[in-house]
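In structure tokens below, several structures.
There are two complexes below, and they share chain A, which is joined by chain B in the first and by chain C in the second.
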Partner chain A sequence: MTQATARPLTPYGFLLPALLVTATVILYPVAQTIVFSLQDYLLYAPDDARFVGARNFLAVLKDEVFWISLRHSAVWVGGIVFAQLALGLVAALLLNQSFWWRGLARALVIIPWALPSVIIGLMWTWIFDFNTGVLNDVLMRIGIIDQPQAWLAGPRSALACVMLALVWQGFPFFAIMILAGLQTVPKELYEAAEIDGASAFRQFVHVTAPAIAGIVATAVLLRIIWVANSLDVILVMTGGGPGYATHTLPLYAFLRAYSGMEFGYAAALALMLTVLLLAIVWLYVRRQAKELDA
Partner chain B sequence: MSLRRSALQTFVQVEVPVLLILAFALAPFAWMLLTSVKPTADLALFPVRYLPSRLTFEHYAMLIERTSFAVNLLNSLVIACGAVLLGLATSVPAAYAFSRFRFAGRRQILTSFLVINMFPIVLLIIPLFVLMRKLGLIDTFVGVIIGHSTFSIPFSVWMLVSYFNAIPRELDEAATIDGASRLQTIRRVILPLIMPGLVTTAIYVFITSWNEYLFAMMLSGQTVRPVTVALQLFIGEFTVQWGLLTAGGALIALPVSILFLLVQRRLVAGLTSGAVKA
Partner chain C sequence: MKRRTFVKLAGASALAGGLSAPSIAQGVATVRWWYHYDNPQNTPAALVAKFEQANPGIKIQAEAIPWGGGTDYINRMFSSVVAGNQPDCAMVRLAYLSRFSQMRALEPLDGHLANWAGRSDISDDVWKLNRAPDGKQYYMPLHYVVIYLYYRQDLFQQAGLQPPKTFDEFLACAKALTKDGMFGYGMRGGGGCHDNWGPFVLGGGASFEKGGMVSAKALAANRFFVEFATKHKVVPPSAPTDAFRQIVDGFKAGRTAMTIHHIGSSAEMVAALGDKASAVPLPRGPGGGGWTYFGDESNAIFASSKVKEAAFRWISFLSGAGNVEQAQLSGQLPITTSGGRNWTGHPKRFVDASFASLPIAQTLPDHVKTPDFVGRVLPTNLQRALVGETNPDEVMKAVEQLFHG
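This part shows the complex of A and B:
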């Protein structure tokens, strides 16, 4: 509907401020990361950086910690997204039923999602605390464990504990997305299914599931990307330890940059993560891009 | 299927499970608040003492009087407001252009705003730190605010495009016929109509910026340190002082939780509308 009076350059004028800032804070840094990844760039000696070609990437592939972190990332993403989806789906189905305090329940369930990751890390660290943590207390009272466990210091339990915190933070997102999908299902479909004598389970499989499949797929893609990139809760709760027990790929890249100051190597790690995620991003963007023609 | 349930059935099959889920969702938060008002002696007990022996605000008082926390709160406020201003000032015209013009590259540019929102933070944070250091913007409000525009601009553009699209174009045309210039049309007709969407987007950006940790940690120093970074440093400094830490957590989390509850209905509608249509 472009107005007849619009000059061809007008839209670009409107876009200019956003494009300028975005180019400065995103495009330029991404280009820089690619350059860094080809150098032995050390933060404390930036002028000594030399071009080393693919050496950083080859070193990454030989780096045992990279493979440990990659394995943890796979467990991390798979476990968290699956648990968030399962819990979010149950929550959404329940919150779609009618009961008198439904509005309040819908509002309150989102709270974990609004909280800062530092606070999430802090409150869960306190719950898992070895000496006076409430989790040890509860589990001992109901007789599941005999003596306090060092949850976050245990190489076997640490990753699962941090994952629990992430599941807690993210399941409300699934709940509200799926709830929005459920609300688009016409009531008549359920009535018709009921007249046909379909059980609640069959109603879910034949009416509910197809209706929310699209929104669930979108939410899963979005979450995979988000969870795969997230590192701040781990950083706060364990810093990647004990040992490498809670190292994931973005955390490892961050630690090499922040503690090791090896920006070249960290840039190579960050690029590997990006490439691994590219397929998921592409799928997500393709789904969302349908919107553009609306 | 919800029509036939008796009150008792609803209670057992729906309300009890919902209560359990809400307990899971709210318990850690409630536990933090409860911890923050217990006297220090209570916190050293194991088995745990659940209810405080007396209510106390000593941790809050100590946090405000003995640490830099009040200044950090103020820093966070300045940064979040700055992020909102920079985000909206750039995104409103951009979203207007995406909604009202058809031009070469429109689709590609709009898609790239979506893609850059997906980039790993670690990919951006390293060179951004080097860039800010070159520009002398480390530990300045401007530096952190610009850092936060990495997420505020792409997000705001996408939210606002859908709000702009919801306003019928006939209104623009009617205003033009009445002799209004483009800028007059935007100011008098369109902006008032998207005000609710604008407010929702602003609040979301505010919350995200207030909550943000990694950019703030890399780009701030002592001068402009926001609360999230300060609290994380306290965790290192006061390891066993859980009263102090949870009081800090409560002071950071309460404002955003309240803000979030105020706008949650509209925000959820805005965030999910795109996904529902797709």
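This part shows the complex of A and C:
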């Protein structure tokens, strides 16, 4: 092979290792999940698995718990990503100000993000605990409640409590991403706006927001996918209960897979979630493409 | 199962671990063993060292696997079997046997057991209980617990109450002791709730036979149990999701006057409450029937193991010479008759309550659906009933549906 013919192939050579790793750890499991979803595959009877076509998907659509979990997933993703974004934005704007302990504050804010999910789940479980939890103690001391509340055992409060834990864990990601974006905004733009008489709010709307919009959009997309898939904190804090009160789609798929060992049914549930997430990714990519064309 | 079946046989098991074991081929055989102890700080290192010293050709790689109410442990176990990464041997329970059998995952131990001198130090009833439907013996019994009722002796005396012997007495005691921020009964509605639900519902007339969950008697028994939370309010509001840690801590903190668990938690109960904590067998139902969970624990060798002889030598050591020490680590009761006779690992009143509970002690059904019953179907449906989202009868219909379609 001459140098002239080898040169066009060089980029593919560099890409090959990454493509092979992706195919091995992502494409192969996805393909296997699709195959499982078309079978009545039970983990304890793998030799008895047979092809059932779309029967698992039809059963999922008739499953009450699927619809409950889907509804919870929508609340879960929407609520958490919105709250994390809002908190992250506020934190980033504060951390972008000049104050003497800013370096320490930037280091401290990353702590929740750096903690393992299981630790966060356990920590918040004990904060919300009925008997010994600090939340009940504080709220009773300041007179907001007059007797301890079973936060994680209440069907109306359990999901919100678990969401709060995940909001706390994830907002530093937005804070750091947005802070990085804020630091790329030229100071001259703010000076010019100030000379034009723009208030702090108008500076935020017309200078800051457009400058960080791209980063925020990317961060939101990533968080939607991560939050939609996350189940570890729920598993630790409530196991999905009480009843189905904290069931989300990935948790339900996990329980069907590992408690019932119904891998075929669980694979169908997981694929439904994947399709929903792909739709979100597709919408985002289309929006980005339009912006590039404009 | 009667107490005498556990204590009648004197044996030579203290010596059995090293006797009559098959020879190990030259070189070091490494045995991977999965275990779990209620107290994760306990380690079998000393036990392993003792065994390795007596068996220089064998190295034990003991791996602690989180129990997680049973669900974590069993999930990892079956996943490892499917992935082909299972250990050589592991602690197992009878409720898993059907699934293991279907997967042909376990090695029959009959050949090894025929030559094992320690066999006679374990009751024949236990061997029968552990036998698989195909007549083979895959499980080596290890230790056991029986679920009983913890109660606060001091509070009962102050209130002029006797420990309850019937369901009605239990409810009366729970009502009398629910006051001033304390609840009569620390119910477990979260992971592992079958051991609280079973005594009242299975003991009250429900069964795992076809139709056994939806008979009039079964439905009434389940309603009686659910009404502890929904009608009588004698359980903490957190009961629907309270699991092992919460019920034990609630009792230790003086927030509950009765709770249901086994001897494994007695050490921390006594550390927190001293003589105020005591135990009795669970109350009986209206017809005199009763049920409590026999928490069996055995070891099994996986069919895929390349070091089966070494693995058998290890598990037979744990059920023989090392059984008392192993039971101390697990916080449970030794399975050997000789070990049980001289057992001093727990205060006597808890050992007595365990033995006195044996006549009504039963295992969960050996069925492929049992782990799903324990891990998902019972907790989710029971919790919905406990928080008033569904009619209690829906719990029983769901369980019936799971086992019988």
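Structural remarks
What we mean here is this: the second predicted complex is superposed on the first by the 255 of 294 C-alpha atoms of A that agree within 3 Å, B and C clash if a C-alpha of one lies under 4 Å from a C-alpha of the other, contacts with A are read in each partner's own complex, and residues count from 1 in each chain.
Just so we're on the same page, a contact is a pair of C-beta atoms (placed from the backbone, for glycine too) under 8 Å apart; a residue touches a chain by one contact, two chains touch by 3 or more.
Keep in mind that what you see is a predicted model, and the values were worked out from it rather than measured.
Judged by the touch definition given at the top, the superposed model places A:P46 against both chain B and chain C. Looking at the shared chain after the overlay, A:L271 reaches chain B, while chain C stays out of its contact range. Of the two partner chains placed by the overlay, only chain C lies in contact with A:L152; chain B stays clear of it. Look at A:Y28: by the touch rule set out above, it reaches chain B but stays clear of chain C.
Legend: residue contacts after superposition of the two complexes on their common chain; A:G243 is shown touching chain C, with no touch to chain B.
Of the two partner chains, chain B and chain C are each touched by A:N131. In the superposed model, A:A91 makes contact with chain B only, not with chain C.
Judged by the touch definition given at the top, the superposed model places A:L231 against chain B, while chain C stays out of reach.
Between chain B and chain C, the partner in contact with more residues of chain A is B. Common to the chain B and chain C contact sets on chain A are residues 43, 46, 129, 131-132, 258. Chain contact summary for the complex, chain B toward chain A: residues 1-2, 10, 14-15, 17-18, 21-22, 24-26, 28-29, 31-32, 35, 43-48, 86, 89-91, 93-94, 96-97, 100-103, 106-107, 109-111, 113-116, 118-128, 130-131, 146-147, 149-150, 153-154, 157, 162, 165, 169, 172-173, 176, 182, 207, 210-214, 218, 228-229, 231-232, 235, 242, 245-246, 249, 252-253, 256-257, 260-261, 264-265, 268-269, 271-278. Put simply, chain A touches chain B in their complex at residues 1-3, 5-6, 8, 10-12, 14-15, 17-19, 21-22, 24-30, 32-33, 36, 43, 46, 87, 90-91, 94-95, 97-99, 105, 107-112, 114-120, 122-127, 129, 131-134, 136-137, 140-141, 148, 168, 171-172, 176-177, 180-181, 184, 190, 194, 200, 203, 214-215, 218-219, 225, 228-229, 231-232, 235-236, 250, 253-254, 257-258, 263, 266-267, 269-271, 273-274, 277, 281, 284-285, 287-292, 294.
For chain A in complex with chain C, the touching residues are 43-46, 129-132, 147, 149-150, 152-155, 158, 238-245, 255-256, 258-261. Note for the complex: chain C touches chain A at residues 71, 75, 78-79, 82, 99, 102-103, 181, 189-191, 236-242, 246, 249-250, 253, 255, 368, 371-372, 375-376, 379-381, 383-384, 386-387, 389-390.
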